[in-house]
Every structure is written in structure tokens, then in C-alpha cells.
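Only one structure is covered here, and it is reproduced in the block below.
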Amino acid sequence: MMTANAYELIISILKALNIFEPINNIFQKLGMEYVLKIIIVLVVIAILLVFVLLTVMFLTWLERKVFAVVQSRYGPMVTGPRGLLQPIADGIKLLGKEDIIPATADRWIFTLAPFIVFVSVFLVFIPLPFGKSLIISDLKVGLLYIIAISAVAPISILLAGWASNNKYSLLGAIRAVAQDISYTIPLALAAIAVVVFVGSLSMVDIVNYQGGYWFEIIPKWFIFLQPLGFILFLIAGIAEMGRIPFDFQESEQELVAGFFTEYSGMKFALFFLAEYAHLFAVSGIIVTVFLGGWNGPVLPFLPIQLTSLIYFLIKTYAVIFFTMWLRATVPRMRIDQLLNLGWKIMIPMALLNLLVAAFVMTAGVI
Amino acid sequence: METETLLLNMGPVHPSTHGVLRFKLRMDGEIIRDCQIVMGYLHRGTEKLGEMNTYIQFIPYTDRLDYISAMPNNYAYVKAVEELAGIEVPQRAEYIRVLVMELNRIVNHLVLMGSLLLDLGASTMIMWGFRERETALQLYEMLCGARMTFNYIKPGGVREDLPEGFIPKLNEFIKDMEKRIVDYDELVNGNEIFLMRTKNIGVISAEEAINCGMTGPSMRGSGVDYDIRKLEPYSIYPDLDFKACMRRECDTYARYMVRLDEIRESLHILKQIIDTIPAGKTVSSQRYGMAPNTGEPSAVRSYFPRIFTPPPGEVYSRIEAPKGELGFYIASDGTTKPYRVKIRSHAFCNLVALPKMVVGLKIPDLVAAFGTFDIVLGDLDR
Amino acid sequence: MAWISRNWAMIGIIKGLIVTMKHIFQIGNRKTVTVQYPYERMKMAPRYRGRHAVDEDACIGCGICEVNCPISTIQIVKYDSRWFPEFNLGMCMFCGLCVDACPMNALKMTGDYELADYTRESLIYGPERILFKKEVSK
Amino acid sequence: MNPAEELKYLLPNSVISVGVQTNKPLAVIKKEDMLKVAAKVKEMGFDHLSVITGVDYVDRVEVIYNFFSYKKKQNLALKVVLDHGAPAVDSVRSIWKVADWLERETYDLVGIKFNGHPDLRRILLPEGWIGHPLRKDYDMSIEQFVTIGEDGEDIVSTDGSNLLRRK
């Protein structure tokens, strides 16, 4: 039984449980089949939303724990077992905070910006394959879509920074935009080198391409085929997440909190949520494009959807752990140094990588 | 392209001004065109308090100047009073004083390294620095009962002798520290991003540094090996083997590395002191002592004069504190209270060099350059 | 940029990553050092300068501590027909000058450091809270 | 010959007397010749100006400069005696940059004017503070309240009327 995406997967599960037909009949009699479709889509989105929220909660806890253990501390310990419920406590605290809108701020844009950030990050999850057939929609232009949607977040950061009417926010917003331009290009170029091999922009196709093995042992992941591309994509990805060493938009020691200096309460929580959701999304993309996605040795007795999800999560958390580990180690770069790095090193390298990939592809070496 | 300059108020409440200091920056985008420093938000009138309290009562106030390294503050003031009154100090007391001051130098530099790295965005170093600092603070707690504001050094000696188990714990700390420095080396010193952020940032030449009154490690990062411990030896420093650490790069990185080298030197000094510390009294009973020795350990305390009247006169005495030259000018009129106390604060004079240094740099560079100046606001504003 | 091309291998960062990894797996003497404060407490050193305590039998109420205090924290008050010092710990900076000055060695400082309270008045520690008898303390 | 005597030998008309500041040579100089003496002191190798102290002795005001020579490892202290009414002396800002802030601080706390200082403002206390705290006649009974205004400037008042929470 093969299904293309999560929507079909739910229908097939309902069919297997023999409850799809009666429900469908009811809606058919009312002549409202589309309502059922909408309900199922909403269920899929709700599942994704809950998954993202839980992931974000876990990630905040994980980050604090990783930091704590690097720094010879315990980290959160009191709320729940080993402090696992700490994010919930934080969330409740943030919900209870007063929502302050500065008197000189542009009220509407100020209110709108955090939602745009969150929505833009959430949309990135749509073509992201969590596992076999665990995908909201297998867009034919999946990778392009992700790069395009990722460019929306800096716009909303610019909106937030501008609307706050605060000099630090504005500087943070300007930095975010300048940074976005200089790393999106190498990100896209490194991704194109992969697309050259796959011949498709669809994320599922990219994952399927990496399914096999060379010499029966080395998995056919793009990290082995294009190590340079992987490094460029990783650096650009970390820059896209806006994390140390590239967290210029909010660099605490220079710009207080950058674009969300003036935000408080729930709006701040939305930015926070978006940041960690973005971390997960970008790590997922890195895994999908370069680390073989949900591919892995087949486990017996488990449905392929579940094993693939497990492999995907293991790999994604490995990438996330790496970013946290890196964050605990290195200082922040300077914005002009990143721009130099982006324009003078990463773009030529990405072009070189693309050239080599195209040459290898046409020569038919692999 | 013509652009409008932006007035940016950095501080008084800002994460990287280390307290309530304010920079008035005139910015062209990210580039600093003009920098003015506004201070005094933590001005507590310590010099006035010095005139209102007796010589002994003022010692706790000196703890609150540079609260990261309070022991040298104690000593600088007490040294001035002792010079004024001509008090001889027992040898053991001098050894203990130098021991606690060098330990405090390590503590101070650990905090500086941590906070500089935190200013640059790396949060691990400060926790590691505080981890080692904690051991040192526990040593201080054993010694004088306080962790940061010691009130330990008194005219004529020190407050209490070394407690039981102090030297073994100190040995352990030194051994531990030597291992940790390797960790710091690996975490920070080779880190390419750290080097990018600190090399050739905040450059100041040797002549300029001297003319601007810079002292201490900040100046020694500019290729000047002037150290008051060497130039104008006081206490037992002439008997000790150490060198004034110096770097020639003149930039933020050099000023950071001088601190790291000084930690090593201080550890070396501590080891020498542990080997050679003599037995004997820790308090002078020479001229201003009051009670005779009853042989009881608790009676040692009553040795300290409660009222203390040095002869009229004036004195300026200075020491090499971890952050630079710390001097006390005291004018006495022969009463129990000083007529005038003037504190020559290292932070205050070092910071004169900053505004010129950062013009043309960016905000992150200002943060980095300022971080190596090692400012404590209690000391800057007094 | 020439600088980056010389250091492209980023050996320094890799070294740093190894050191932090050693901490993650707590290799060598790199263990957690903090304590869970309300549940675990560090032992204070015997010389710790915390809340004051006055030996009921030794104190003669002479007021030398009052004179020696740099910030007038201490006041001598009448209690049980005798005179004892009263400490305003909201002002006290725990310098220990009063202890140094006490001619009878009646005054000492305990390791009691959790002195936070809700009102300023409750920070004034009168004789009823600071007196102790030497026999009882042994 | 210690540096103070050397200075007396070089500038006999400017140096009033030579003494000691406990363990450092001290020269008392005429206030009119401050700049001349300062230039000579710099020439003698005293490249480090440690501190400038103003002391108010009710009938007069003294300014004490402490110098150190890194090359010769020598100390020198200069003292200028000023009138109590309107104490003023020439600024040495042009010779030692550190004097910039040290003089501002002395002006702020003791109230000594430094002629020729390019930017003689208060440094530790806010602009508009009444009196100079380290003067012996400073009235400590006046309560002064400081708030920060719209543009970051300090506003001082004596009745607390500028505080948000009225006193």
C-alpha cells in the first residue's frame, strides 16, 4: 500500500479500520464531500502544529541541557523529571505577561510581524518529508518553495524592527536583511548542485535518489558525493537559523535583543517559537538534502512509515545537536565578516561546486 | 552617498557595558563616528565617605570599589596608611597579603576572560571561569569569612592567620587551574572566529597608551612591560621570581593574552609563596597595638587599633592591582579621620583612551575593545 | 579574507569543539560543579560572616561595637533589664568591624546567611533573636 | 639630586619650595607657571601622570599632581596652592591626555577651574548639581534628585518635583 502524502495516509488508515466508507457516505448524502477533505487536511495540519510545538518545547529544554552540561551545570531540574516540563512553565509565564506595545510603535505592523514570522517558518514544513509518505504535500518544486518561503522571514523581521521604532531593533532588522541576501545565494547554489544529480526539485525525489548504497556499504548520501556542498549548505543553514556564530539580528551583547527588543509576552513567545521551529526545519532540510533523509537500514516488525520517521528524527536531532554544540563553543562573528564570507568565499565555492557537479554529471562518472 | 548620522545611546542599561555606563555614539549605519562616555550613575561619594569615617572604618568601603578584586583595594589603602604612619608589618603578614592578592589577580582575570568572551557571544567561557573562581572564593571564605568584600588586610597586618587546611586546598586549586588553562587555551585562543573578532581591533600604540594614562594589563598589551611590582617594588615582590607579561600586538587580542599569561605568572608566584611562607605573627604590635598578647587565638583581634591617629602629612601610594595602577592619596591632619582621601582608579584612567580608539570601528568592535578594558563600575564611578 | 584562506581548516574551532565535547561526556575532571540550592546546601566556612550573635553572659553593653560600625547599623537597646546591641541587618555590610572591636569577645558572626525577609522592620534583629548562651552553643 | 630639586634648579623662579610627600619628592610651584613647569616635567621624562588631587583646606585649595617616570623609575609630586574663592589653574590636558578626565573630575568634586581645558564639564555628577561635594563647606543637608530627561540629559531638582513618584 503506497501513499504519496499524509492526507492519503490518513485516508488509507481510515480505510484499513473500515470507518472511512461510512463517514464518506454520510458526507456524500449531504453532497459535501469537500467538507470531509477539508476536515482531513485540518487534522493533518493540527497534527503538524502539535508536533512542531512539542518539538520546540523539547528543543528549548535540550538546548538548555546541552549548554548546562558543557558549562558544568545541571540546567533546569525542578519542573518535572530532569526539568522536562520547564518549557511549559516558561510558556505559561510568557502567556501571563503583559503585552506591551510601545507608544511610538506602528501598532498594526508591530502586532502582525510575529505572526508572519511564525507562519513563514511553519510553511517551510509543508514539503518536508518526515518519513515515507509522512509529508504534507510533495510539491514538485519543493526545494525552490523552501528557499522562497525562507526569504519571507527576514521581511517580517524587517517589519518587526521597523515597527518597533527602536534604534536597536532597526539595526537588527537591517542586519537580518543584509545577512539574508548574502547567505541565501550560496544556500540555493549548493542545493542546485544536488538538483543537478536528482533532476527534480521534489524533496521526495531527492530522498529517494539517496536510497541506495555504493559498494554495498557507503550509503548514497549527498554528503559523500558533495562534501563541499554540504559544508556550504550547513554554514548557510546555520546563518539562516540566525544562531551563533551568525545571530546578528538579535545579537544580545550588541543590540540588546535586536529586532525583538520591544516585544513582550505572547508576541515574544511567537518569535521564540519561530526561532526553534526554524532550527528544526532547517536541520530537517539539511538532513533531507544531504544526509539521506529518512533512508536507513530496514527494521523488521515496524511499518516503513514509523522506521523512516525514526531515522529522520535521529538524523535531524544529530544536526540540531551539532548546532547547539557549536553555539556552546564559538563566539559570534561580525556582520561585515559574514557578508565577506558569504560573497567572497561561499558564493565562488558554491559556483565551483556546481561546476564540478555538472561536469561529473555530464561525464557520467556516477 | 550622503547618509544621516544616528545617535545611539548604548547604556546605561545595556548587556555589554558591564554596569551602568553609557556610551553616546554617533553612528553612520554600523560605523562609529564619535563616541562619548557618560558615567557617574553609580557614584556613591566614596571619597567623601573616606573623610567621614575613621581610618579603620574606611577599609570595608574600599572593598566596594572594585568588587571583583577587593583584596588589592584593601591593600592599596592600607599601604597608604602604613606609609603615612610608618608601621612595620611582620613578614608572615606580608606573605599572606601577597598570596591573597595574587589569588585575587587570578579571580579577576578569570572574570575578565569570561565576560569578554560573553561580550563576543560565546557563553561557555564565563561559566568555566566562574567555576574556578568559585574555588578561589571558597578559599577566601575560609580565610576571612567573606567571598567578595573581604575587609581582611588591616594596618599592621592581616585580620586573621591562615586557617587550618587552607594551604592544601590552595595547592589543589593551583593544580586544578593549571589543567584548566589548557582547556581555555583550546577553547578560545586558537578559535578562528575569536581571532577574527579581536585581532587588529582597538589598536593603541605604546606612546599613546602611556600618554592616556593607561596602566596594568591593558597597557602591557601595547608592548610596554611596565609593572609597578617591578618598577617600584613593594611588600615581598622583590624576593619573588616573576616577570611582567607583555605583548606587542597592541590590540584587543594582545590585551586578552596578557591576562592569560598573568594567570600563569600568578600561579607561579603562589607556588613560591607556599614554599617560602615564614611562621610568625600576622599582626604588628609595634606602635599602634593596644592589648598585650595573651596567647589566646581570639585575642589576636584586639590587637587592631580601633582608633588610629597617624601624624599629619600626606601620602600617595600605589600598587599594581589586577586592572592597573590603583593609588590612594591620603591627607591627614592628625585626627582619627583622614582629611582627604583620593582614589586613583585604574578603570577611570584607562578608559580615557577608549573614545579615540573606537572611532571608525563597528558596535561589535566597541564591545570587544571595551571588554578588555576590564571595567568595574564601582571602581569607575566610586 | 586572505586571513581566512590561511585558516580555512578551522583547526582552532575543531579543537574547541573537542574540549566542549569532553565536557559533555564529563571526561577527566570536568564534572558538574553546581549544587541544587534549596535541596542541597554548601557548608559554610567556620569563619563565615553571616548574621550576628551575641553571647548573653559576656556582653556588657558597652557600645564599642556601635561606635565602630561604619554605617550605624548597631544600636544599644534595653532588653531584660540589661543593655544589648540591636542590628539593622538591612543596612549591615557584614564587614566584621564590630566583632574585631568587641572587648569581651562576646560578639560573633554565624554562618546563617538566608536573611531575606518581607519587610524592612523584620530585618532589625533585636536581642531576642541574636542572643545565645555559650553553654547552649557547645 | 631628586627630581624636585632638579626642577628647582632648572626653573628657580617657578618653584616656590621643595619638600617631601612622605616618600616622594614634592615641589610647590607658582600657579601662573603651571604650563611651563608641566612642559619641563614632561621633558624631564615624567611620561605618566598618575593622579590629580584637589584638596580643600578651608583657607586655600591645593592641587597635587603625581608623576612617575617609567624610564628613570622616579616619582615626582607637584603642588599648586590656589585661592579659596575662585580656584583656577592652567590645564595640562595638552601635555597628558589622561588629564582630560582627571581635571574634569577635580572640577566636578572640588570645584577647581582648569583654564584652557577644552571640555570642562562635570563627569561623575550630573550637570546642574548644586555644590562641589569634596569642598569642606558642601551642604550635605540639601537633598538633590536626579532623573533622566527625554533626550538622555540629567535633570536635577532639590524638591523631588521631577520624580515620577512624588516624595
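Just so it is clear, A, B, C and D label the chains in written order, and each chain counts residues from 1 on its own.
By definition in this document, contacts are C-beta pairs under 8 Å (C-beta built on N, C-alpha and C of every residue); 3 or more make two chains touch, one makes a residue touch a chain.
Everything quoted here is computed from the prediction, not taken from an experiment.
By the document's definition of touch, common neighbours of subunit B and subunit C comprise A.
Each of A-C and B-D has its own count of C-beta contacts, and the greater count is at B-D.
For subunit B, the chain whose average C-alpha position is most distant is A.
Chain-level centrality, scored on Cα centres against the all-protein Cα centre, points to B. In whole angstrom, the spacing between the mean C-alpha positions of subunit A and subunit D is 61. Distance between subunit A and subunit B, defined via averaged C-alpha coordinates, is recorded as 47 Å. Per-chain Cα centroids separate subunit B from subunit D by 24 Å. Multi-chain contact residues of subunit C (touching two or more other chains): 4, 13, 16, 19-20, 30, 33. Residue positions 124, 131, 187, 191, 193-194, 196 of subunit B are each in touch with at least two other chains.
Looking at subunit D, no residue sits in touch with two or more other chains.
Taken as a graph of touching chains, this assembly has some other topology, since it is neither a line, a ring, a star nor fully connected. Chain pairs that touch one another, listed by label: A-B, A-C, B-C, B-D.
Taken in their complex, subunit A has these residues touching subunit B: 67, 70-73, 167-168, 171, 174-175, 244-245, 247, 251-256, 328-337. Across the complex, subunit A is touched by residues 1, 4, 13, 16-17, 19-21, 23-24, 26, 30-34, 36 of subunit C. By the touch criterion stated above, subunit B contacts subunit D in their complex at residues 9, 22, 24, 39-40, 43, 45, 47-48, 51, 83-84, 208, 210-213, 215, 224, 226, 231-232, 313-316, 318, 325, 327, 329, 331, 339-340, 342, 344, 348-349, 351-353, 381-382.
Partner subunit B is touched in their complex by these residues of subunit D: 21-24, 47-51, 53, 55-57, 64, 66, 68, 70, 73, 75, 77, 96-98, 100-102, 105, 109, 122-126, 133-134, 152. Interface residues of subunit C facing subunit B in the complex, by the touch rule stated above, are 3-4, 7, 10-13, 15-16, 18-20, 28-30, 33, 44-49, 64, 67-70, 93-97, 99-101, 103, 105, 109.
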